Structure formats: C-alpha cells, structure tokens
Amino acid sequence: MGGMATDIKLIDENGKRIDGRSFDELRPIKIEAGILERADGSAYIEWGNNKIIAAVYGPREVYPKHMQDPSKAILRARYNMAAFSVDERKKPGPDRRSIELSLVISNALSSVVLLEQFPRTAIDVFIEVLQADAGTRIAGLTAASVALADAGIPMKDLIVGCAAGKVDDIVVLDLNKEEDNYGQADLPVAIIPRTKELVLFQMDGDMTFEEIERGLKMAIDASMKVYELQKEALKRKYINLAQEDEQQ
Amino acid sequence: MSKFTDNVISEIKRDYIQKLLSQGSRIDGRGQYEFRKIEIIKNFIPRADGSALVRLGNTQVLVGVKIETGEPFPDTPNTGVLSTNAELVPLASPTFEAGPPGEEAIELARVVDRGIRESKAIDLEKLVIKEGELVWIVFVDIHVLDYDGNLFDASALGSIVALKNSIVPAQRFGQGENFPLPVRHYPATTTFVKIGDRIVLDPNLDEENIAHSRITITTNEEGKINAIQKGLEGTFTREEVLETIKMSIESGKYLRNTFILGDDQK
Amino acid sequence: MSKFTDNVISEIKRDYIQKLLSQGSRIDGRGQYEFRKIEIIKNFIPRADGSALVRLGNTQVLVGVKIETGEPFPDTPNTGVLSTNAELVPLASPTFEAGPPGEEAIELARVVDRGIRESKAIDLEKLVIKEGELVWIVFVDIHVLDYDGNLFDASALGSIVALKNSIVPAQRFGQGENFPLPVRHYPATTTFVKIGDRIVLDPNLDEENIAHSRITITTNEEGKINAIQKGLEGTFTREEVLETIKMSIESGKYLRNTFILGDDQK
Amino acid sequence: MGGMATDIKLIDENGKRIDGRSFDELRPIKIEAGILERADGSAYIEWGNNKIIAAVYGPREVYPKHMQDPSKAILRARYNMAAFSVDERKKPGPDRRSIELSLVISNALSSVVLLEQFPRTAIDVFIEVLQADAGTRIAGLTAASVALADAGIPMKDLIVGCAAGKVDDIVVLDLNKEEDNYGQADLPVAIIPRTKELVLFQMDGDMTFEEIERGLKMAIDASMKVYELQKEALKRKYINLAQEDEQQ
Amino acid sequence: MGGMATDIKLIDENGKRIDGRSFDELRPIKIEAGILERADGSAYIEWGNNKIIAAVYGPREVYPKHMQDPSKAILRARYNMAAFSVDERKKPGPDRRSIELSLVISNALSSVVLLEQFPRTAIDVFIEVLQADAGTRIAGLTAASVALADAGIPMKDLIVGCAAGKVDDIVVLDLNKEEDNYGQADLPVAIIPRTKELVLFQMDGDMTFEEIERGLKMAIDASMKVYELQKEALKRKYINLAQEDEQQ
Amino acid sequence: MSKFTDNVISEIKRDYIQKLLSQGSRIDGRGQYEFRKIEIIKNFIPRADGSALVRLGNTQVLVGVKIETGEPFPDTPNTGVLSTNAELVPLASPTFEAGPPGEEAIELARVVDRGIRESKAIDLEKLVIKEGELVWIVFVDIHVLDYDGNLFDASALGSIVALKNSIVPAQRFGQGENFPLPVRHYPATTTFVKIGDRIVLDPNLDEENIAHSRITITTNEEGKINAIQKGLEGTFTREEVLETIKMSIESGKYLRNTFILGDDQK
C-alpha cells in the first residue's frame, strides 16, 4: 500500500466510497474475447479505468531447446505496462514489480491449463496494461484466461479473481486507484470458480485475521460474478462466429 | 531474424498474390494506391497526455504521448525535446520477441520520429520553461497491438493525431495552466512496397512478406517531402522512386484531410 | 527454469515423503508445524552497518545492511528509503545461475521487503536529514549461501535481526553522531507448503521440490497480518489459507520471542 | 538535419561552398583494398575527413543454429563508431542510430551478394568509423562492398553511393560536416552501378519534388565516379599481389 | 595502489606495522573445508578481516553446447563481492575488477586441475567475498583450491598464495586494508607448492628489481605456511567425516 | 571462449614452431628478445585530442584520446580522472565478438591502465579545474584493428604516444586556452610468452596460440617496475620471472628511446 499518511477521507458518512460505490460493489467491467487478428487467442478487459489486452500464442516451439520440458508445456505469462499507462511515464521494459506479477500470474494460469497435453512446447500469454487503475494483475489474469479459452487451449476451468482491501478501517471490495494509494491494505485473490480454490493470493498492509476472513469471502463472491462476464464474453464471440459462418 | 518464422508464406499464396498483381489486382480487392479501412479512436487512453488508437485494416497501433519536464540538450538549450519510441510487444505477432527494441522497432521509431521532427510539426521552441535548464520533453510511445502489415503508416498517423490532441500537463508539474501542445504542421506518412515489378500502397502482412523493397515517405501540407526511408533488400529504379514520391504527396493529402485535420475520428 | 535441474527429486523419494506425510510424519522427523534448528550469528560482517547470518537447518543466508545518504522519492519527501535486494548466487545451489536477479530472487526480495515495509518496522520518518533533499537509504542485501529450502523465512528473519542491530553511520557521512537504526516493529515471516493434502511449516528442499503450493505470511507483534504471498502452481482452499494464517501468528510469536527479541543469537 | 537556426552562410556569392567546392563537386576520396591481415577481405576509405575501415568474415558458421537460414547465407553488417571518432566522446556500443544504419547497409549489400550460394552460413561485414565527417554510412557502405570483393565473395556488382543535400536553398552534392549540421536536407543514395537501381535511399529535411529529382540525379552521377575509384583500388590490390607473386 | 598522497605513517620506529605485525608476518588465517551442504565442495577462509567462501560444482554439463571443449573440462571461476563487503555499498553484479580477477583466478586453478579427465564438462568455482580487507583475490584462490580438493576434483597439487607489497619504502608481507590503500606497491603471488612455480603474479605500484626479488621470496615462503593450513583444514574435514562414520 | 575457434593452430605448425624454438629460432626469424617491426603514425585521428596508430608486425591498434570535463571521484577531489577502455571489435579477428567488452578486453584495458596510472605518467593534479567539483577526464580508447598477437605492447605503446601528443581542449569547454596534456613519465610495456621451456618477447599470433604462460611488464625511465600481469594457464619459475623483468627494463628502454621519446614516428 502507498502507506502515505494523509487526511483524505475515502468513505463518507453514508458508507459510500469516493466513486459512489458501496463497500461490496464491483467497478463496471466489460470483457471482449477475440479482438486481435494475429494472436491465437485474445481478450480485452475494461475494469473501472483499467484497459488491458491479453493474447495467447501456442502451443509452440521452445528455444533454446534445453529450456523444453519433456513432460509438459511451459506456460509463460508476461505482464507489461505501456509507457503511457500510468501517471508518470514508465520506462519500457520489465521492472521488478512486473517480473513478480508475471510469475504469480504464470503460476495461477498453470493451475488450470492441461500442460501435460503439449510436452516440449511453450504457451505464451502476453498481458499489456494500456491504462492502469489499481487491480491490474487481477484484471489482466481474468482477461488472460479468456484469451486462453479463445485460443482453444484445453483447461480445467477459467481463472477469475477480484481484490478486497481495507480503507478507512473498513473491508471493501475492488479498490480503485485512490483507495489503493491511500488505503490500509490490498488483498488480491484469484480462484478456480468450479472449486473456489485459491490460485493467486497476496496481501500487503495491515489486517486482522477476521478482516482477512471477511475480505476473502467478499473477493470470492465477487469473482463468481466476474466469472459470469467471462463466460458471456466467450459466448458472444462464438455466437458472432456462428453468425458470420451462416452469412457466408 | 525471429525464431518463430510464422511470417513465412506458402509458395502457393505467394504465386497467387503475384499473379493477381500482374493482372492489376490485390488479394483483398484494393486498388494499387488504396489504403485499407482506417479507424482512429483519439484519446483512447485518458491517463496519457494524448493518445490515438489506429486501426489500419487488421493492423492495430496504440500511440500514447506523455509530456514531462526535464533538461534540454546542451546544444539546443532553447527548444523542448521530442523522444519517439516503439515497442513491438510479442502480443502483436508471433514473430515479435520480448526484450529491448530490435532493429525493426528502432527503424520504425526513427522513421516516425524523422517525419515529426523534420516537418517541424511540434513548435519545440514554445516548450521551454527556463532556457538551458528546464524544458518540456514530449515522449511519443508507439505500442503495436496487432501486426497485419504497414506499421509505418499506422504508427505515424497515430503519432500525429495523438500529438495534435495532446495537452501539456503544466499543472501536474507546478508550471501554471495546462495548454494544448503547439502543433503547427501535419506530416502524413505513406508506405509502398514493390512485389515483382508492381508497386502498391499500404501493404498488408501477406504483401509485406513477399515484397522485395519498401519505401516510406513523409510529406507535409505544402506538398514538400520531409523524410524518406527505403527498406528491405530489393531495389527501386529512379523512376519508381519518383513515382512513389508523387503518389505519396497525393495519398498524404487524403490522410491529412480525412484523419488528421478532418473529423473522421471517434 | 534452470539448465541444471538437480532439484528434480527421484520418484521413490517423492513417494516416500508423501507416504510419511499421510501418516503424519516428516522425512526429518519434525512435527507438522515445527521449524528446523535455527542459529543466528548477528554482526557477522562488522564492515556492514548491520548483519546476520541465519542457519535454518542446512539453509544458510547472510543478510547485510548498508546505510547511505541519498535523495528521497519525490512523492515521499519526508521519509527515508528502504531498498531490499536478494542475490541467489550460484555458490548456493546447482540451480542458481550468475547474472541479474531472476524471477525467484525478485520474488524473494519483494516478499521480504513487503514484510518490513508494511509492518512499518523501520521508522523511516526518523531517517530524514533534510526534507525533500537528503535522507538515509537503508539497503538490505540478502546473500544466499546454501539453499536447502525455505529461503523466505531465513531471509526475513536475517533481515529483521540485521536491521534491529544496525547502526546509522552518520559520522562516515559527516552527519553527526552514529545512532541505532530506529526499528519499532518486529515482523516475523513463516512459510508453509502443501504436499498432497498435507500442509507443513518450514519446508526443506526435498519437501519444497514436491510441493504444489506455498504460502508465506508475515505477522507483527500485535498478531496482525502485514503480508501474504501464495506461491507455486497449486491451490489452497479458503479453509487451508485461514488455518495457515492462524498458525503463522503462533509460529511468528516463537520466532519473534526466541530469535528477534530474545537473546538466542550469538 | 541538425535543423539549428543560425546565421551561418554555407555558400558564398560565387557559389563556392565553405570548403571551396562547387555545388556538384565531390570531396577528395581515397580507397585502398586489402589492408588487414586477419579479415577475409578489407578496405580503407578516406572521404573528405572521414576515415573508415571495413572488413568481411565469411561465409562462416552461424550460432545459435536456429538462426541459420537453410536457403541462403545471412549477411550481417555492423556499423560502429570509435569512441574518439566524433567531437564529443561516444560511449562504446551500439546506439539507435548505429542499429538503423547497420540495417540499411545490410539490406543494401544483400541486394548484390549471391547469398543463395552459401546456405546456413553468415557473411559478416564490419564497418568501423575511425573519424566521422558526414556521409559515413555511404562511405562505409562503399568501403564494405570493396571489402566483399576483396574477400572473394561472389556479387552481381559492387555497391556504391553518394549523398546529395540542400544547403542555403541550393541542392548540392556530398555534404561535409558543417553542411550536414546546418543545412536543410540530406539525401543519401546508393546504387548498383551496372543498372543504376537504388539499394539505399533515405532523406530527411525539407525538399520539393523537383529538388529531390535533381539531388537524386547528382548523387547517381557522382556514385559512378566513386565506382571508378572502387575498381581502381581492387585493381591496384591485384597488381600488387601479382607483383609479389612474381618476386617470389 | 590507491596512490593517495598522505602523511599516514604505516610503519613505526620499531619496524612494527599499524596492526602490530613485523614486516614479514602474516595476518591470522583460519581455513575450514566442507562448510556448505549443496555445493560439491566448499571452503571458508578468514584471512585478517577477510571473510570469503568458495564453492565448487562439477564436473557438470555445459550450455550452450557449442561452448563445450571436446578435449577437456572448462574451469570457470567467478569472483564476486557481496554488496555489504566493502565500506561503500557495492552494486550487485560483476564490475571490471571482478571480471579481471575471475580470469586470473581461473587461469591459476586451471594450471593444476586435471581438466583432460572430464572433456565436454564445466567445473565451476564460485568465490564470494563476504567481507573484504585487502588480499581478497589470493585468499579467495586459496579457499577455492581447498574447495576443489573437498569436491574430489583430481589436481596435481593445491594452489596457494600470498601477497607482498611496499609500504613506507619497505618491502612487507601480506598488506592489510590501510597498507593497500596508502602503500606504494602490491605484489600478489600464487604458486604450486610442490614446485614453487608461479601461477598468479601481478604487481602494481613502484618497485625496483631488487624489491620485487625480495617480495617474491617473502610471498613464496609465506605461501608455504598457508599451504600447511590448507592441508590441515582438509585433514580436519576427513577426520570429522571418519568420526561421523564410526559413530553411525 | 569464442564460437569461432579460428585461433586453433594445426598440430603440424605447433610442432614446427616448438622445434624451431628448441633450436633457438623463431618462425619469423626474429631473435628471442626482438620486437617485430614497429610503425607509429601519431595524430592519425585529428578529430581526437590525441591519437596514435601502432603497427607491430601485422598487429594494428588505434588509440584515441578524448578529454572532457566532469566530476572528480569523491575520494580524490584534487586530481583529474583517467579512464581506459579497450574494444576488441570483431573486425580485427574471427575470434572477437560484438557486444560489451569480454574478459580479454577488460584485462587488456586494465593492464594498460595500470601501466599509465602506476607510473604516474599523467600529472593528474594539473587537471583540476575546480577542486572537488570539476576536473578533466582523460579517456584512452584502444581500438584494435588487426590482431596478430601481443595486443598488450601495441596498445600500451599507442596509449603513451597518444597521451604524449594530446592537447587538453580547454577552449571547446570554455575553460581558457588549450594546453598540452601534462605527461611526465614514459612507461614502456613488454610482453613475453613461454612455449615449452623457451621464453620469447613480443609473440605473434601463432606463438600466442601455443603459449602456456604470458607475462606483461611495465617499466619506467628510471628502470623501476610499475605493473606486472602474468597471464594464461601455465606457470613461470621464479628465475624465469626475474629474467623477464630484467629483459623488460632493457626492451622498455628501446621502446622509450625509439618510439616514445624519439622521432621514429610519422
């Protein structure tokens, strides 16, 4: 958390947050599948003011060869922020934060992709944050799993997530940028919706056990709502494809 | 030189495209000097100081402008600074790789930069806060999202549209009121490739993959030429080059009137 | 992804460890939530401003603290700076390679950093020399010497012990008298892995190599949680996560009382 | 172009340039072939105050192997400036300008080398700018094609070039350093002399169609003169070799 | 040498040095073999205030494959300083000095290791300077050769060394940090003890022929004393191992 | 460790060279302690502040000196700065690769640097503009053009000749009148290799390729020794080392009198 001591009040007397949401309300979310021509699969997500694209290439060959895993595919996710996606221009190229997020996202996606079906290959997932507004790792991961489905990569289930957090001593859902900067804790969560098992789970800030328990529940419940949006996006894509086929 | 040579095109397709061209047709039905469908969404990234998403057929390029304070170059103490960068992120093509910009990304950035710089599109002299000490630095970042050929024209178009709509964020830096970035010229960039002995405008990826030579020309609203870059391993005759320059002045007018100065943007 | 996959464990050993675990036992005879033997030598490197050599079973980590003057970050002009770095030098394991920190080293450094930062262990506001211009920068360098599992807990423990014993070298920088680094909270970090459906604390390398999921939790002396990092490709149920958090508060007390605040250091 | 607004007058009332040349006059050029012991082929060029060496190695093996092209040789040119070659010391290593010039030079040379004869190999061309004085890319390319010939690499023809430019509103040939810094446009050109086809062609500055037409003609005509110097350099080298043979 | 002109007196009227040593006296040295679990061989050395660990891995595979030598093993030593090992924090990663020292140490060790026995493999030697106090290259090399023996790598002999130097116009043995910073010359030496041949030999500063002759003799004689400590460390390790075996 | 091991020499040639040496002869007819033909063109690069092209047999090295203003090191506020760099550009040998300097280039640069620095050749105290703030920085850049053995001696010789003829470009930096770089000592560097049990001066590439040990010694005009570097994987006896040092003092005189102080330069 930014951890800056300020007098900024993030929740008003009516329990409303600065963007008017209640404590357990998601920001507006829009997901679109299959928006790129070249990628094997792709998705675009708007989540609050986040604008993120994910693309998938693979399974494809791995170079150099000694990086290949003879027993399964390697899933490599790359989380990247566009130079203009944040307030102060970000120098292109991976920084330490991007490298950590790429790792936790790779881990989360690997938990559902049937990697054993494609030994010696790589499945590459690219997440480009075009505009950042808190919660980019979860939004990117959510888009990435739609892109994997769009690419036809076999998976046990989608991955979906949402963050909870703590603001003005209250546990709330889905922090926006100001809440992330001036709040007390951030708790990003991602799950396999079918089993509700956790595949990504991080926390930083200051929370009691009970607060985490509550935040975790809120995040999981919200994830299930986002899951519906993922499925709708994929459905829309296939209906459109089917219609195009009919028209031909 | 990519490991994933998906850009390789089949013999059959190559022959087909060439045969069509020799009959005066293109694979997607366009005329020789016809652009693909162009769509521009300006200010797509409100967090940036200027931005434009350009769709040129299936090619998609997002250009973002960020403006910050910094020191001028010692040899130009009384002008602002323009810095153009291109990222061919691996999301956009199986042939792009992560890592620092390769020679293709650098060529792209430098050709776009030349078009803006040599046309004196930005009035850099109006971007001085304190001579020799503090000036505005204009970062143009080209983020390629989907690569279906002709990144030059899509990127150059996105750059000038983003710049034209950019606001200098003076308030953010405690330098008074925000003001529009002073843009006074409108360079337009057009690219041609030669396939066999035929020359076409705005190649798509299939055409690019079998092209022998490429030429990218930037012209301004007075019909003058500000930048040329011949690319690839093939040749052009003098007559061909002069013909493409002439056509570029024409096609540049179309781009400028319709997409840069016109209202055909979302 | 290392070239030298010596971390691969034989099928037989894997089965043996899992069978033991299903019977409630661990390969080295420890209980489910029992740490290996811990030894700490503080001030092992007198040339550093603070240091601690931690032995956690056969894992050895040396943490050194260096404190220097420098500029604050523009957005926090009135606090000192904490910078945490980890080097997985190839001396410590056949799977570590020379070169800039990889994703594992970066994850390690960032998780340790978060524990110190979010618990507000260091009173960074007392590290300002001149607001907005000159502050103390605290470098925590984690140097892994022998890798036998659970670098997170060894590194976090070494870091807080080294910081607690650090002296700000004000004299060396002409900034008055030396003074102890102001440390006011004592975060303790504990790591659990899940093997099959069993969860154990402080995995050794054999356990780490067959684990599916990992979770690292940092708690403070009030029993609050300051940082969590779930790792690896496997999953945890909500109940498992909550259970490990509860256990972490307990185990954290043990680490804090015995090794951070206690005298069980050489 | 440097594009600096100055009062510097680059052409006097008699049409003479600051180094005394007329508008269509080349700077003095000296080419020598085969000046290095280790390289498979080499050449040295002095062009005005430019001092440039080019060397060729190959055809030789390519590593890593997946970079090989099974259908032809890869020609890789590397344009590099010595740290002391310019007014302000240049940090060693490639900058963006060097990388672009290496690319356009590689392209130009590839147009004449019979790469198909050497599949799976690399032909490496190294251009070291020891002293820079405007026009280094063309001078380097001109030397490189002599070095290729000196290495016995089969080619359809040499490559040769010259720049035109615009100074004080006049189209002139072969800009020197001051003209390059304070002039209005630079137009580097390289051709296959036998067919006069263009293999390198760049422009930056501000020129009308007619000015480019004129500049292009001047540059091509001048290139043909430089071509004679290339051939003489190669002839001299072989006469010397023959004489050495006789003396033995 | 630091070469700073100062009034610091490094040797007193009684010929004692600032740490109380006489001109030909070594600093206290402690060597321990086999102190790491994971490495194939290891050693720890304290030499004055130097604290250094060396580890050996190998013979093991070489990647990429074209780096392999079909006739022998490649011995690669890497000398590295911990960020906190010196007064001013050292940025992690190799600097030019580390690269040079890695090279001379690799060369010295290669002179005794029977590399021909392990073609196509690598023997990796890692030297980590945890605290630096002048003489780190020799102390690191001395520890490295114990680590090689501990790893069971076949060698003709150990390598051992010591530096001489010149301080206040006197040739002295084994410079400490202040003597290194303010002295007149440093003369690091390493030998094969059996033959007393030199395998590492460097000098910088200002010495006459006679001074070098004297320094060299002192360094070689002292090396033979350090050699005894190396052998004792290895003996202790094997006695301990034998005792452990008995106890089982 | 180069990919292109063209430096490998045939068995036959190796045997031939060794047989000749055992008979007291060298492959090119030189005496044991005889340099190859040396040619120096000073001020070859007028654009540099000093330069020298050295030909040592077929080895060619170009050394350029650039002098700029900059900050002194904090611990030496009252002296100028010397920075020596070597580039083994791939033009000079099939075994050199593009990219940042490898260990060979770094050893070369550091050995040449040590000779200049330890002999106190440049009077760095005369290169202070404002104590602690602004000094002259002397960059010595060694650019190897043709590698036929013994880069050390060619580079060191080129460096001292280039420095001796360097002008501090004070005018260019608005610091008053230009003045000659103050050079007060003339270090000379000589290199010997051991092949079998024979030692020779100034090895050519064939000799270098079969040599087991190398020693490079820098001496000054008083016959004192300023720098030594033993190289390669072989050994020297104490007697051999002392013999080469003696010979280096002699050979250094020859280099100094003929090429550094003398007029045998173009």
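Some observations on this one:
Going by the order they are written in, the chains are A, B, C, D, E and F; count residues from 1 in each one.
In this section, contacts are C-beta pairs under 8 Å (C-beta built on N, C-alpha and C of every residue); 3 or more make two chains touch, one makes a residue touch a chain.
All values derive from a computational prediction rather than experimental measurement.
On a Cα centroid basis, the chain most remote from chain A in this structure is F. Greatest Cα centroid separation from chain C: this falls to D. Centre-to-centre spacing of chain B and chain C amounts to 48 Å, using the average Cα coordinate of each chain. With each centre defined as the average position of its C-alpha atoms, the distance from chain E to chain F rounds to 27 Å.
Here the spacing of chain D and chain F, counted between their Cα centres, is 31 Å. Remark: chain A and chain E have CA centroids separated by 51 Å (rounded to whole angstrom).
Touching of two or more other chains is recorded for residues 63-64, 66 of chain A. In chain C, the residues touching two or more other chains are 3, 101.
Partner chain F is touched in their complex by these residues of chain E: 1, 3-4, 66-67, 74, 96-97, 99-100, 102-104, 107, 110-111, 187, 192, 195-209, 212-213, 216-217, 220. On the chain A side of its complex with chain B, the touching residues are 36-39, 42, 49, 51, 53-55, 57, 60-61, 63, 78, 80, 82-89, 92-94, 124, 126-128, 130-133. Within the complex, the chain C residues that touch chain E are 3-4, 44-49, 51, 58, 60, 62, 64-66, 68, 85, 87, 89-94, 98, 100-101, 139, 141, 143, 145-148, 172.
Partner chain D is touched in their complex by these residues of chain B: 1, 3, 75-76, 101, 103, 106-107, 109-110, 114, 117-120, 215, 223-238, 241-242, 245-246, 249.
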